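Next up: some structures, all given as structure tokens.
Consider the two complexes below, in which chain A is the common component and chain B and chain C are the respective partners.
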Partner chain A sequence: MPLIDKISVELGAQEPWPKDVKLYQPYEVEQILLPDNANCLAVQAFLKMCHLDFQVEPRPNAEAMSPTLKVPFIKAGRFVTAELEGIVQFVNGKGISLTDKLDNEQKADMRAYMSLIHSVIEVAELYICWVDKETYNEVTSIRNGSIYPWPLNYIQNFAKRNQVIKKLKALEWYNKSIEEVFQEVENCCEALSIRLDGKNYFFEDNPTELDALVFGHLFTILTTPLPKSDLANIVRQHPQLINLVQRIEKEYFKKETRH
Partner chain B sequence: MSVQEKFQLYVYDGDYSLPSLDVECIKSILYTVVADVPVQVRILNNVKHCAFYSAPTFVHKNLLFKSFSETVLYLRTLNYNIDSNLSPKQCSETLAVSNLVQSKLKPVIEFVYWVDQRNCDEFTNVWFMKALPLPFNFIHTGKFKQKARDLIETLYPTETNLDLIKEYLNRTATDCLSILSTRLGASDYFFGLTPTTLDIVVYAHLAPLIKLPFPSNEINNIISMWPNLATFIKRIDAAYFPDLPKHSKYLKERERTTTSDDDVSYIAILILTVSATSLVLGFAFSRGIISSKVL
Partner chain C sequence: MGTVHAKAGENITEVPDFGEKRVFNEPPETYSFKEIDLQEVKARVDRINVDGLSRTKNDIVEDCIKELFKAKDFQDVLLKAHRARVKLDELGCFKNISIFIDTSKGTQATPEGLEVTFNVKEHKRITGGVSTHVGNNEGALLVGMRAPNLFGRGGEYKWNIVMVLRKLATLTLTTSVFQAQSEWPTSGYKQLERGLLVDLGFYSTPLLKHNLQWEANIRDLNVLSRASSFDVRVQSGLSLKSALKHVLSVDLRDDLIFPSSGSLFQLTSEVAGIGGDVLQGCLSGGYMSNINNDMKISISDMYFLGGPLSIRGFQMRGVGPHSDGDALGSQAYWSAGMHLFTPLPFRPGKGGFGELFRTHFFFNAGNIGNFQLAKDNDLLETLKANMRLSYGLGVALRLGNMARLEVNYCFPHSFDKGDQTHPGIQFGIGVQFL
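Here is the complex of A and B:
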């Protein structure tokens, strides 16, 4: 979205996909938090769907390295691009696209559902991680602080928490009770499940970036152990979505481990 | 009938053929009009209303609903539902597209209303200052400004240049509008021949940007690239708000403020004269040029 991205999309178009593309993200085992993990996984799924090679490069300060201060970001040759939307544009600039066959109306639909996930599921994940006291104390504060030495971890946690709360306040989510948050997620899953309507992917037989984004978020929610398992339980009530997640995992992630 | 008469809706005042100047209020008003709820719309223009209610507030007996979504949920329990004919798939699309509109166009509206310095100083702030009663106009406009600034800051944490932010916002708005235009196509409303919640959300976000006379508003030009969106707004206006006055209730005052350079300088001259004389008199008095006995 920023100007630099626009330039890199235009300049990068002339070059083929470089061999040493690196995807920077926080440490998966001990550091990464639910919303970040979901976004990183979504980008990985998208790149795999495009059959593009990349290496995951874990860095403790990936967030601070990113041009938009959000993980993940990729370094392809001379260009650095962050977040799913930016990376999708960058890849499209090289003539690789998952949405070639869609007509305008379907593309509009796809954008609408992607914004639904960003503005509901992602914000709900932030809420659970940083506002819910139990999750914050038992998971978020420990993981987020894990890369800093003793007094600094408290300071960093405090600063980051304030920042997230400010964001939630601006989006008018901070005043919601946790039940309302779960209800929003429930509505969103319901809508996704109805839209999927028994198909293999959201748009017939080929995956798009929407499938990648849904996979990233739902897979992370299902596999991350949290003191409150309500989010995972909500997702589990929608077997169609579970099928989609399993299908994408089998298709694009299992192969990797066998090779 | 006596039960129904107790529906009340408290909103900010409207102007320039808008039912209200606040997006959430427009949504609530339009929903009640479309769903035919016999509601009494009250305007926050006196101290009592402002002290007890925030806008939009829907009141039924002693129940208060302080947001559009709560109001809609409650009205559905009373069988005022305008989405009852939609299929589950259409409901799912409603949720997705209205989220898209909210997440892409709300920042644009907040920016045009309150963060853009010229708009805020010359139009929005002046209008709300006039429309609300005395202590509350400062409180509400202050809150609005703070909220808008917070939203823009959290959306663009790395950017401080307002012109660049404006460019990003215009780009996301263009994206969103082209999606809406594609979805709407040539049909009257998004889902068939009657308006639904989605139409209300879209109207509430587009109408202020089209109708309000902001000193600087590029979005208006962007919207006019899709004529079907403009006719969509006109269609809803004609069907549900046919008799809202086009001329402004507060425009006369606004004109005075735009040509009020002379007034300001009179006041300045007065203040300067008074302070200068008192300074001279004070100096003379302290040096004993004028003695206290004379006075």
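Here is the complex of A and C:
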């Protein structure tokens, strides 16, 4: 099967970007959780940076529909591709790339920073949502369970929480205190801020998928109301990052509303 | 009733299973036996013992066996004892019933007196078990629990109602917790079901069986591969089904798998009984609609048609709408089947192994679709449009008393563009058949 999948991706790559591309994600208002929202926004930002047309299609069962069981995923013609890395690869296959001008060293750099965000900010978001009691009870359990009828919502919350906790244990994050988690995020923001170093984007004047990913996560952290606002406060202490987020929002998302 | 040979002087007769009527055709040369006409032997039942009762209340057992006291001769005793055994069996309280008949002894014994002893073994208060359940081309592990005879009254606590409806009414409560994993390559999805089923079965009249079922079921639907149709992918995820079901059945068949006479009315009906060959007809149908817009009908609920056990000559689920080769199902269907069963040609293994086999000729018809029950168009016309037909012949084998195995050669006669036909040899195994 994987071979067939690969072949189908290869074949799909030869076709131009279809018109009816749809991005599937959970409902933004009622359902979506912080980490998922960040990833969905990152993909949206990336596609917009590539000037590719797509429609956002909210579905309650988007997560189950996804081939990797993670949101978001896009459907382009007959092809279904999930998550930012997969989608970047898919888009590159069509000859569209944001990283053409980067040399190998810069590309490696970019990948390192992207993996930093995945392994720190994304994990911290999962920790806040599922381990922190206050956030879990007031936000996560209600939103995650909102699409299921009773008693499935309880069962599903329980199952999903166990799943996340298992993942956090494997990453050795579960036993961290919330202060330690915030410290990790602080360090990560510091590193990003230093890398940005006053430039418009991480790599000179053009955005890359790294910018999309940073935008997705930081914008979501800044705009999502949670019982604990510490995460947003940490990000606010880095004006460079705030500027980047505002720049991308203005450049790629505000235009849409003006139409 | 034929005559039964008894050895002179022997007076203990064990009737382990009197259900099968046996006629002994002794060759006339044998003189070691003396013929006795049982009707001539006067008999009177002095005593009836029932061994092995602990929970079951006396009165319901007494009701079953008191007829036996009215017996006048030995044949009558045997018949009535058998009838009592059947009644006891129908209470559903006992897993094993055997009968001993002896001459009565003691001071109060009459010269023709007999003593009948029923040895019964009660069901445990709760029985449970793990079993493998074979469905139509799928298997499932079933962990079940049953509480028969809950209150010592044949499982029946509404005793007043039962009095009116004669003693045949029994109430069985079956609870099962199940987890079933099924894969449907023809529809491009796999499904994990976890659920709870409570079934309350009772007879309202001796033949009318009701099953009230409540089923709560969590279904986790996933696509089988990346290649699965997007129309199927859209439906993946968890869903909860809570259903109340009423099954009304009248089963008059003499055999579950190869009936030769009798009929079953459920959703299917079988009419039979022409000479040695059996002509069997089935008709079934189904229709569903949304109760309200909040309730969704997913692919797990849809009706599918086609396959070796429904409309033969088509791929499994091969009739009806498809998307990228995956069957999507429809909200309504009807199907009908006509079978001509005959014993194997030249009757090999007659009376033994060969009885497990039948050759059959079949003719299947059906239709599936989202029929709109509008007033302005004729329902019959709607149902007839695009009707699928197939016919063929094959050999059927009975497996246990439960399932049927068929090897058929099929000719799909009329089909729709989207259908996936399967002409030629088709193999099927299952419990429910068209």
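As a convention for this text, the second predicted complex is superposed on the first by the 250 of 259 C-alpha atoms of A that agree within 3 Å, B and C clash if a C-alpha of one lies under 4 Å from a C-alpha of the other, contacts with A are read in each partner's own complex, and residues count from 1 in each chain.
The rule is short, and it goes like this: a residue touches a chain if its C-beta (ideal position, glycine included) is under 8 Å from a C-beta of that chain, and two chains touch if they have at least 3 such contacts.
Given the structure is predicted, the values throughout are model-derived calculations rather than measurements.
Contacts of A:Glu105 after superposition on the shared chain: chain B is touched, whereas chain C is not. The wider contact with chain A, measured as residues touched, comes from B rather than the other of chain B and chain C. In the superposition on chain A, contact of A:Tyr148 is made with chain C only, not with chain B.
In the superposition on chain A, contact of A:Glu190 is made with chain B only, not with chain C.
In the superposition on chain A, A:Tyr113 contacts chain B only, with no contact to chain C.
When the two complexes are overlaid on their common chain A, residue A:Lys167 makes contact with chain B while staying clear of chain C. With both structures placed on the common chain, the touch criterion links A:Val80 to chain C but leaves chain B unconnected. In the overlay built on the shared chain, the residue A:Asn61 is in contact with chain C alone; chain B does not reach it. When both complexes are aligned on chain A by C-alpha atoms, chain A residues 1, 67 touch chain B in the first and chain C in the second.
Within the complex, the chain B residues that touch chain A are 88-89, 91-93, 95-97, 99-100, 102-104, 147, 150-151, 153-155, 157-159, 164, 168, 171-172, 175, 178-180, 182-183, 185.
Contacts from chain C toward chain A in the complex involve residues 218, 220-223, 225-227, 230, 233-238, 240, 324.
On the chain A side of its complex with chain B, the touching residues are 1-3, 67-69, 104-105, 107-109, 111-113, 115-116, 118-120, 166-167, 169-171, 187-188, 190-192, 194-195, 197.
Interface of chain A with chain C (complex): residues 1, 4-5, 8, 59-61, 63-65, 67, 75, 78, 80, 148-149, 152, 155-156.
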